[in-house]
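Heads up, there are several structures right after this.
Next come two complexes, and both contain subunit A; in the first it sits with subunit B, in the second with subunit C.
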Partner chain A sequence: MESADGVARTLPSIGRLSRGPPFGRAHGRFGLSPSGRLLPPAPRSQENADPQKTAFLLRKQWTLYSVTPLYRFSNAHLRDYARLLSAFIAAEKQKGLAVEVGVELAIKVAVSSLPDLKGSDQDQAAILVQLSSRSPASPKNSEEKLIWSGWFCCVSGDDLSENVAEDFTCLPLFLANGAECYTSIVGSWFQKTFDCCFRRLAISPLNLSWMAAMWTGCKVDKTTSAMELVFSVPCLPQPLDISYAIHPEDAKALWDTVQKTPGEITQEEVDVFMDCLYSHFHRHFKIHLSATKLVKVSTAIASAHCDGIIKFLQSQYLTGVLMLLTELAISQIQ
Partner chain B sequence: HLATSLPLPSERDHLRPRIDLIAFMIDIKSKYSLKNVEASLAHVDASFFLGKVCFLVTGVGRVNYCSVEMNAIWKLGEVYCSPVLFCELELEGIRVATAQRLVRMLQICAGHIPGVSALCFGSLMRNSADD
Partner chain C sequence: MDETVAEYIRRTVLKIPRDEIKTMLQKWGFLSETQLQTINFHQIKENISQDVVQLCEENSADIKQAAVLDIIYNHIYPNKRVWSVYQMNKTGEETEFFDLTDFKKKFKRRLRSALKNVTINFREYEDNAIWIRIAWGTPYTKPNQYKTSYVVYHSQTPYVFVSASVLKSNLPLLCQALVVASNYHDIREMELRSHSLNSLKDIVFKRYSQNFQTYCPRPLQERNVAPESADLRIIQENRHEKERIQRVNREVFGDGPQPQLEFAQYKLETMFKSDSKMDVLDKKEPFRCMVKFSSPHLLESLKSLAPAGMADAPLSPLLTCIPQKARNYFKIREKKSLFPGSFMKIIFKDHYRAWGRRDSWNIDVSKKFPSSFSGY
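For the complex of A and B:
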């Protein structure tokens, strides 16, 4: 199978992650990317998925981690896990790893399942962990304030779940919002209890440009914010960031002329799209954006930063974005 | 001799010594460098592609900075029948090892090693591609 002829179009079953012979020589270490990807199906009408349930995930900044499969994790014991985690946090605070100076806060842990966030039936339901604090001054009128949330999910992670043994649960993507100290406490509890490993998930400029192309093509109802790309210029004495904003309709019009097969995207199409944007910029400013590093992509669907930070903006495309992030998490694990 | 792109300026043609090896450097963090190399390849005489050209890909230590798609680089190596070497210039050990490899290749291309010629690179490439 040669990569010369837009592979993904003729063999949709190969689809997203191509790990067969054509990539045999290039190792995963070298930022391997598939030559084509299937687009997530158009948002289905919300018969089973209630947008209200996942609305709290939108418009928050989530830090991404990849997680290796969890050993002996069970959906039936979520309450026990909440109890154990809460005891662990209390113990850590006792040890003097106090997270907030001064005020003593009682931390309540809630672990729940989000069954709507999955791609296929083989995926594990997403697991949500929330830390809320109740000020001890008024224990009865418990105004619980949510101080930290984190959730594990797996959307269309068949590549991973097919290859693991029975006792393992595959939830390769972890998203955290809140203070870093809580993230590390919760993370270390999970690592100790389920023998897994968390790693920050960074997004390479190549993958960011995929996201820019994929998300530009998505139909959004209302008038939306501009598409913005932020570039960082290397090798300068003072750091320089270039922000390139494009009207969303112009970007969509450009993408529509580039994309040939609806439902699939190839690397060539992404390259052509980005090259058009770069050459337009070069014509006006005489700067070669292709020599800089793409660090952030913001569209109406979502915004992603290369340090592994994501913000979801549209609930109908939430699963689609999660599918892409799951793929990145899986390739970091393997 | 170091150049940012080809063709080389014609003014100094008569002073230039014979060129035995051309190493095209592609920085994996810069798509621009790949485009530059692709444009420069057009200016190279066909006889160089019998083992006197190689592609040197730098910056491979950091996967998360990758702006260039690996397939494009492999394809370049295949189309031009030239070896692709990977290195990370920021690490001294790898830098030194890569320099030694290039010097060795240069010695072969210049004919200083008896019994081995630049044409051998081409046949080595073909064998590994057929596996």
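For the complex of A and C:
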């Protein structure tokens, strides 16, 4: 995509570079591809979340949703929300919308705040909802098993929070892990209580290729996993899947020669990077990968699937990835 | 009758689709026709299997008979397992007369000398295929009938198809026994694997329709032919290109149905060359990639890529050579040519490895690939 706006190279927030800024966002609002993004700074180990606290978020598969601003949500009432949600779940079970077949399990709800997961000070602290089951047979030695987690967050969502009225809380990104039935129960409670709207967040091939480029360039301590792109060609008489994995050192070396502007990535650089990979593939197999659908990207940092599924693999880059996802969520809402 | 045998027969019957149970039991021949008449084959499978076990109890079935039923099941449904192909080599050209009894004796003896606790069963089929079922135990435990390996050996050929499934540590022993029993010299695993046993046989025995260079005369361009559609505004663009693609595709893939494979894997260690204007990566080291194609029917899928506009015609020989080379695992390296700047030559590196140990791609940072390769 050629930069229709010639101002692609200089972004308004470039002045913030010295203060260790988050990703900048340029013209990404109306569903157009941003023509440039600021690079995340090197991982700020002390400033950012204590890796221990967020370790439980890693290596789990999270399904992504965008959430419109919540009306009259307050951080001070988290315990009340937990109570109300718990009652709601019990009521739903009574109604016969059985969530668990067979054994009657008591579901315990915990709602807590994750203050470290935010980008700027304007961001709302992330909210974590956890459902655990306790066998009613032995309430004393309660082995609570975590059966579902979901968390709302907003990382550098200034674009949205600036333009929203007082009573609204902006937590545009929602991530869920666990059975779909719980996701829909929790989702409908939030929708009813805070008058918001949940929508599955799909990731377009364009955004996936951005992720591939950005994450390839991130420095990782020990190179363990390959940079993998998965393509799908469904509309053939026999569907075909192509997995294209590149040694992470070689992928990074390629990206480093493509990415010229310090502290910034442009659409053109992402395009050149992807084109290089496509043409290397074409040279061998004579297949045009650009005609197929990019469905999944996997790097050492994280892996993302076009159906809106993400897996975080490195705690030091967690906020960086969340920033990008928040941006996608916001552009879906608007 | 042993309880484990009863349970094994029950579970084997449960695997069979209900409509096929009667035919398979008849093929088995262990239960008489009158006994089979007493079973209601329209009830649920649970009950059918119980009835079968009951009758087997009456006939005092032992593990040997149960094993035969398992072989019959796997012979009819081989695609439930993954099969690898092995090729045996002989020094000298003498084609010896194949003695089946001798083969079976030597195989059993060799296997049992190393591992006493094995169940071995043979069954021969009309197409000269010998099916061998091996249930593995350990030096201290009885054979586990659920941990089986299957071997299909066509005695007139040097090829063996093996479905090891579990206990890969027993593979070397199995290979040894095969070599000894069949009077060959050694055995190597081919880079070919699939669920479809018949397709593997097609590829290895060259039974698929190969792409011979046939002359396909182009139909004469007729003049004064009424247009296909009444509306003259509708024309077929790129008709010549489409026809060229079809023709080239046919030449490359042949006319007949393709053997059925589920995947092909390529480990690429070639140089990265850029043809874009930007000054990108110019390393002397290879650009290491691993490409894997998967599909329910890979070759048909690849064949349809060019007509769908997603690939050039002819498709790369790396893909079209799969049946001829009888492999679906490849390692591609660059050959240093004498003339610098000449086009890339792709060479295939054959992987001779003993006992079927598969190379896994370890990203070892300390390892560096050599910058010069030996030609092949």
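Assume the second predicted complex is superposed on the first by the 305 of 334 C-alpha atoms of A that agree within 3 Å, B and C clash if a C-alpha of one lies under 4 Å from a C-alpha of the other, contacts with A are read in each partner's own complex, and residues count from 1 in each chain.
What we mean here is this: a residue touches a chain if its C-beta (ideal position, glycine included) is under 8 Å from a C-beta of that chain, and two chains touch if they have at least 3 such contacts.
It should be emphasised that the depicted structure is a prediction, and the values quoted were computed from it without experimental measurement.
Greater residue coverage of subunit A by touch, when subunit B is weighed against subunit C, goes to C. Legend: residue contacts after superposition of the two complexes on their common chain; A:242 is shown touching subunit C, with no touch to subunit B. Contacts of A:281 after superposition: subunit C is touched, whereas subunit B is not reached.
Once the two complexes are overlaid on the shared chain, A:226 sits against subunit C while remaining clear of subunit B. Looking at the shared chain after the overlay, A:267 reaches subunit B, while subunit C stays out of its contact range.
Once the two complexes are laid over each other on the shared chain, residue contacts for A:74 go to neither subunit B nor subunit C. When both complexes are overlaid on chain A, the residue A:253 reaches subunit C alone and has no touch with subunit B.
Looking at the shared chain after the overlay, A:203 reaches subunit B, while subunit C stays out of its contact range.
Contacts of A:293 after superposition: subunit B is touched, whereas subunit C is not reached.
Touching of subunit A by both subunit B and subunit C, each in its own complex, is seen for residues 288, 291-292. For subunit A in complex with subunit B, the touching residues are 3-4, 22-23, 25-26, 29-33, 35, 202-206, 209, 234, 267, 271, 274, 288, 290-294, 306. The touching residues of subunit C, counted against subunit A in their complex, run 266, 268, 270, 272-276, 278-283, 285, 287-298, 300-302, 304-305, 308-312, 314-316, 318-319, 332, 344, 346, 361, 363, 365.
Here subunit A touches subunit C in the complex through residues 222-226, 233, 235-250, 253-254, 257-258, 272, 275-276, 279-281, 283-288, 291-292, going by the rule given at the top. Residues of subunit B touching subunit A in their complex: 28-33, 35, 60, 63-71, 74-75, 86.
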